[in-house]
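Right, I'll just put the structure down here and ask away after.
Chains here go by letter, A, B, C and D, matching the order in which they are written, and residues are numbered from 1 within each.
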Amino acid sequence: MNMETVLLLRQEISILIIALLLLIFEIFAGDRQKEGVVSLTIILFALHTGIGFLDMKEGLLFGGMFRTNALIHLFKNILNIGVLIVLLQSAEWVKRELVPQHRGSEFFILLLSSLLGLQFLISSGDFLMFYLGLELSTLPLAALSAFEMYRRRSSEAGIKLILSSALASGITLFGISLMYASTGTIYFAEMGTLISENNLTVMALILFFAGLGFKISLVPFHFWTADVYEGAPIGVASYLSVISKGAAVFILMIFFFTVLKPLIHLWENLFYLLAVLTMFLGNLFALRQQNMKRFLAFSSIAQAGFILLGLITGTTLGVATVIYFVLIYIFSNLAAFGVVQAISTETGKENMRDYEGLYRTNPKLSLVMMLGLFSLAGIPPVAGFFGKFFLFTAAASKGYYFLVFLAVVNVTISLYYYLLVVRAMFLRKSDHPIPHFTNALYMRIGLVITVVGILALGLYSPIYDYIYALSNTLN
Amino acid sequence: MIEGISIYELLTVSTILFFIGVYGFITRKNLISVLISVELILNGAAVNFVVINKYLYPEVLQGMIFSIFIIAVAAAETALAISIIINLYRKISSVEVKEVETMKN
Amino acid sequence: MDILSLFIVVPLLTVLVLLTARSLKQARMIALIGTLVQVAMSVNLLFAYLRERAVSDELMLFTRDLVWFRDFNIHYSVGVDGISVALLMLTALVVLAGVFISWKMEELPKEFFISLIVLSTGVYGFFISLDLFLMFVFFEIAVIPMFLLIGIWGSGPREYAAMKLTLMLMGASAVLLVGILGIYFNSGAGGGPLTFNILEIAEVQIPVEAQKLFFPLTFIGFAVIGALFPFHTWSPDGHASAPTAVSMLHAGVLMKLGGYGVFRVAMYLMPEGTLHWSWFFIVLATFGVIYGAFAAIRQTDLKYINAYSSVSHLGLVLFALLMLNKTAWNGAIIQSLSHGFMTALFFALIGMIYERTHTRDVTKLGGLLKVIPFISATYVIAGLASLGLPGFSGFVAEMNIFVGAFQHPEIPYRIASIFAVSAIVVTAVYILRVVGMMLMGPLKENSITPMEKATWYEKTGILLMLLPIIGIGVAPLWLSEMILESIQPFIQGVL
Amino acid sequence: MNYTAIILIPLIPLAVFLVLGLFNRKIGPGVSGLVGVGGMLVSTLLSFYTAFEYFMVLGKVSGAYPTLVESTVWMNFTETLRIDMGVLIDPISVMMLIVVSTISLMVHIYSRGYMKGDEGYTKFFSFLSLFTFSMYGLVLATNLFQIYIFWELVGVSSYLLIGYYYTKESAVAAAKKAFIVTRFADLGFLIGILLIGYYTGTYDFETLNNPEGATLTHWAPASFMGLSVLTWGLILIFIGGAGKSAMFPLHIWLPDAMEGPTPVSALIHAATMVVAGVFLVARLFPMYFFVEEGFALQIVAFVGAFSALFAAVIALTQTDIKRVLAYSTMSQLGYMMLALGVSGYEGSQGLGYMSSMFHLFTHAMFKALLFLCAGSVIHAVHSNYLKDMGQLRKYMPITHLSFLVAALAIAGIPPFAGFWSKDEILVAVYQQNTFLYVVGIFVAGLTALYIFRIYFGIFWGKDNTYEHRPAESPASMTVPLIVLAVLSATVGFIPFSEFISPDRAGFDAHIDIPMAITAVAVALIGIGIAWMLYKKESGLATRLTDRLGVLYTWAHRKFYMDEVYLFVTKNILFKGIAAGAAWADRKIVDGTMNLIGNSTVLFSKKIKGMQSGRVQDYAMAFVSGTVILALLFIYLWTS
């Protein structure tokens, strides 16, 4: 265990340390200080996020099970930022709901361990690490979804998540075993050289992909999404919608763009098909949703469909645009979720109808929401537009004009239901609107960060340039 | 390497195991038995690993190791699932699948 | 800060300052100052342009080019020629007039003016940008505030109208996006790097097949906002529900983006595509011209009448553009300007009449000339202008269009132009019908109530629209010359 | 020539219009009246000065009166086509200047009395000035487009003046009708201009009218449906002219136009604007004559003849005196068209052309006079209808006498103006076409009849009882009457043929004695019949009408032209096309758009069952999805 190892594992280790510190705090803190856990976590994690930006040199560990390089490091940082925002946004909720039950630190520990799992997942160098990361990230989430023990829906969400994820991982494992059978190795590096096109590989590819499709919630592996988001605590839902989805996208990209690159002529069809299905189904379901969490769930499914437009290319351009999009998506979606979180923490209301006349009572919140939704819909000048435009450019660069056309049709559909929310907030007047309230500090910080991100990411081009520069290092 | 039994039989067994699991998962009415079916699925995969390792690539034990991990994780998974189910049972005193369909459409 | 970027910066500053406004008084004062500055800038730009044009034969003047997204070769690249200068002028004036007209905007005034100015920013940006990406960005920025403007401050079925308008326009822009991507990825045909820059793309010869594929997408993408039949149905509902100033800005300026985009992007970059498709769109446009006019005859709601007449008049713009000669193009541009002023004027007047009589139903009105002479008289003048009476801008534009269209070498096109010409009679019918029913004739109950005479700010708003109409109509030479020489290079590019 | 003087002629009325129009409220009636009349006076003087200079001082250059053009570019279309604004001075334009100035001045003076106390007094004068300006611009136009521009402007000023009493439904309707009908005709005019412009590459009258010019010789061959494109152009342009000059079948607006104040009828709908059509044909006469041996010209002739007859017949039966005059105007215009239509080009061949202009000139005088008299009568008895009149000669001698002069003039009794011009016309027609001559001479008789019918009806006839005794109108109204009466009596002696002929060389026309005698005889017969029927109140007239029966009713109902038009516009255009378009737009076009939206939402409702909420269904979808994908791969996508 030399210094080098430590440095390469920096991210994971610091997360682990934070988790441990929280445990210790839980043990020693008296009832009155319990509330401190929130601030403690946030501060520590903010530190961790900051440190994350120190650059990291690439290398392998554990005989290639664990690999890291600048790009993967970037992924991890992106996830860190996302989690930080999630923490900030759920802080108030934790304070009010969990701390009185002495379950505050639990929540954070579970969340962090899930993040730890994701970190391992995206820097996994072989299937074993991959599998462990996958499970380590999923199991805590199941626990978290069922975290509000006294709410039936929460438990239901937990059940649905754990069972579907178990099934998914089972199928993935089966796929992995087949891939192992066809190549005789579980290491990505070797596999890339040995892979060859035959029915066994194809079978394996599908089964393996199903597992990731489950995490990214692509049609037809998406059904759990809406129910779990609706039932789970909002913080968890937002975590599911951006962090674990993002991580899954990253690892999918890494795996398909490097290991399965030779088979691109196969899986581009797969992505094409699923992209179309996912966009349409996601949008069509989102159209009618009244519950905001469910609404955002379906919208996030549709967004996943858009992501496939970038993945289908298999080129550096695709990598860059996808990362860029995911980054922007994290901010936009968290802005929306943040507002939902704030309102539900304050009033417990989660329905679109409750939002009517919101602008007149809480203008700031509604503006944040509008920005988030516009960004999700892809309307300039907010970041979402750039993300989508570049994704489409990537797809078009490979001549998928028709796919792009279908995508823009979907953009229009999605615009419709995003505008429904805007309509509720701005156009409608309500007899009993949500009364005016001021958010807790952490929530405000969380929202401000998202807003800044939404505005800056698009207009400030160096960010994209940086991502593009790194994208070359993928393969 | 078991005498007289080729890889095909064994793989067939594991595959059957897998699909029995899937079938059970889809048809059982009781959450517990659904959970058991999940175990079957996982074990199917695990068997696969072992067999492939033993028959095709005996020189390195990657498959073996993998299967051990699968078993371990499966245990954790089950534990968690059970706990959630128990929690649910406390509330609605039932472990029927049809009880967890309140969120839909 | 160069003279063009000001057109984006100043409105944004205005918006920022507006954020601090506390009351209607403050809000409108800030908005007024901001828009006044914009008008000043556009006037200044006009003279600067004329001075510069005298010495330089560049295609675009006052160009400014900054790299934005290096890897896509996206630039912040702006520049103007006579056409854009004229349209900027139009925009500035209409926005200013809009501020005057909404002097008494009681509900959420701050937000109203902010949205209004954001919209105008989008329009300015669209007119000055030379980079397709930039252009597209501004295009959508210009469209989206309409949702709030109609939805919050509108009347009647405002939510439906707002949703419909936004979705149709955004859908169109989505189609346009495909077209733009198509152009982008074929812009390397000359061996150079891919580019969004219009001038650079114009240099390279986009493969004919690609042109045939992407021209219709681009054309429709723009033409929808130019109210091309049958994609015009967002406009009657939208206008009917929108508040006065918004209708003015939207019909007066926003709809001009269509013609301008078609001209600048679709036709200029894809000449073969244009030639290949022109017959088809000519048919649509010609039909739209007559159809819109006829549909206007039967309407009873003033705003609907005006909306349909816009369909007819703007159909004429597209029609002229597709005739592919400089006289017709000149006519198209002048028509854009003149229709901009006229329809804005109309909507302003309709708004005033509505405020006083609380109805827009012509059958319920009568003899207004007696009650509110100034407004009514102006309405008559506007009507005469819109039916193409000499001495008003409409005549200049239409004559250019008709003469130009008639220069087309092929018989069918000349036949089509005869059809288009015949619209002038129908126009006369629906204009005079309104004038006869609403302004003349015996007074009806809605008109008897003693009404407030036009206030100073209303009069200012009206004059801002009316003077240009007469100015262009009486002395068209300088304008048409300015536009003609800007058209010259394009005509060479296309033919 | 002194161009500044010429250019001032139209500009002064324009200035007056702007001043009166802009400061409508500020200016009191007295001032505005004075301003209007003063402006007109100056213009008139300038016109006479110009005429004097042109005909007397400048005189003929190499045997013909020159065409003087002074113009500036107003707008460029193409390298060759452009719109110029300028003045073109040649015999007919100068003559028109005189006509317009004189009549307009008279009407201005007259209106000061007639419109006294009207609330829109200032507005009225500003409109009058606007019209005068436009009319000047029209007659001075140097090219087709300029004439079109002012053509439209006179149209709109006529619209404004007809609808002057804008609270009267009928007035509004009449104004609308007038504008739209003429607008429809102008459509023809415009297309004609486009055609000719496209083929000849110019709008300038000089180039177009040049008999040897390339435009005529070169493009005449290019044909469309058997006729030369230029002929088509000319026919279309004539449609425009027919619209303004109320030729059949575009005449229907003229009678209704009488809704306007009487001075307006006198100025616009009798003397000046309505002759614009005639002027237009005259202006393009060489073209009409030389293109395809004047095919278009024949059309002009026949349309003119028919309208003359048609209108005269209707005029017999109307009871509203202004309408009678309106139809008589139409009929006289028919005469002018007819004369133009039969005219030749060289020397004395151009008799028809000359006589037409001559008649235009004289007609302006006496018809204006007739209208002003009628105005004065109406002013006195507050009614347009014959039944409310009678024996007025006792009350208003001046009006009576001047009306009589005018009546004799129009009836063509020597030595009054009408005689000379009408006689020339009949001669010209006789030389060309006997049939048309018969028509012409018959119409001459009818003219005498209908004019004296109303003359007797107004000033003799039954002894009406008036609640308040009608009195002679004030001086401001009678003075113009006297002046015009004098003119109507005398202008016939002007040696017109000296000044005006197609080739501008001029020739000396001589009275053809037998012709003259027949014409006068016919006229006298007409008068005689009128005398018998209407001098005293007697049942004869009514019995006669009963005898004629259906014929009478038809004529009385103006041969149902209005009904025909009404049917076409109301049922076909409005109820048919317009309503159809409006319906289709809402239901079909808009419907489709909404349908797309609604069906999307509906579909999304339909598929909501997929999300059943049961984890096992999800698993099912999961697995089957995987399997399907696998199959797709293995059977579709793998090579």
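Note that in this section a residue touches a chain if its C-beta (ideal position, glycine included) is under 8 Å from a C-beta of that chain, and two chains touch if they have at least 3 such contacts.
All figures in this text were calculated on a predicted structure; none of them were measured in a lab.
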| item | value |
| --- | --- |
| Contact-richer chain pair [B-D vs A-B] | A-B |
| CA centroid of subunit B to CA centroid of subunit C, Å | 66 |
| Subunit B and subunit D: spacing of chain centres that average the CA atoms, whole Å | 98 |
| Distance between chain centroids, defined by C-alpha means - subunit A, subunit B (Å) | 27 |
| Centre-to-centre distance between subunit D and subunit C (centres being mean Cα positions), rounded to whole Å | 37 |
| Numbers and ranges of subunit A residues touching at least 2 other chains | 159-160, 163, 167, 171, 226-227, 288, 416 |
| Multi-partner residues of subunit B (each touching 2 or more other chains) | 22, 25, 34, 100, 102-105 |
| Subunit D, residues touching no fewer than two other chains | 597, 608, 611, 613, 615, 619, 623 |
| Every chain pair in contact, whichever chains are involved | A-B, A-C, A-D, B-D, C-D |
| Subunit A to subunit D touching residues, read off their complex | 159-160, 163-164, 167-168, 171, 197, 199, 202-203, 205-207, 210, 214, 219-221, 223-224, 226-227, 265-266, 269-270, 273, 281, 284-285, 287-288, 413, 416 |
| Contact set on subunit B toward subunit D in their complex | 22, 25-28, 34, 97-98, 100-105 |
| Interfacial residue positions of subunit C with respect to subunit D in the complex | 164, 167-168, 229-230, 232-234, 236-237, 291, 294-295, 297-299, 308, 326-327, 367, 369-370, 384, 389-391, 395-396, 399-400, 402-404, 406-407, 414, 417-418, 421-422, 424-425, 428-429, 432-433, 436, 439-443, 476-477, 480-481, 484 |
| Footprint of subunit C on subunit D - complex, ascending | 73-78, 81, 83, 145, 148-150, 152-153, 156, 163, 166-167, 169, 172-173, 175-176, 179-180, 183-184, 187, 190-191, 194-195, 197-198, 574, 577-582, 585, 589-590, 592-594, 597 |
| Residue ranges of subunit D touching subunit B (in the complex, touch as defined) | 608-609, 611-616, 619-620, 623 |
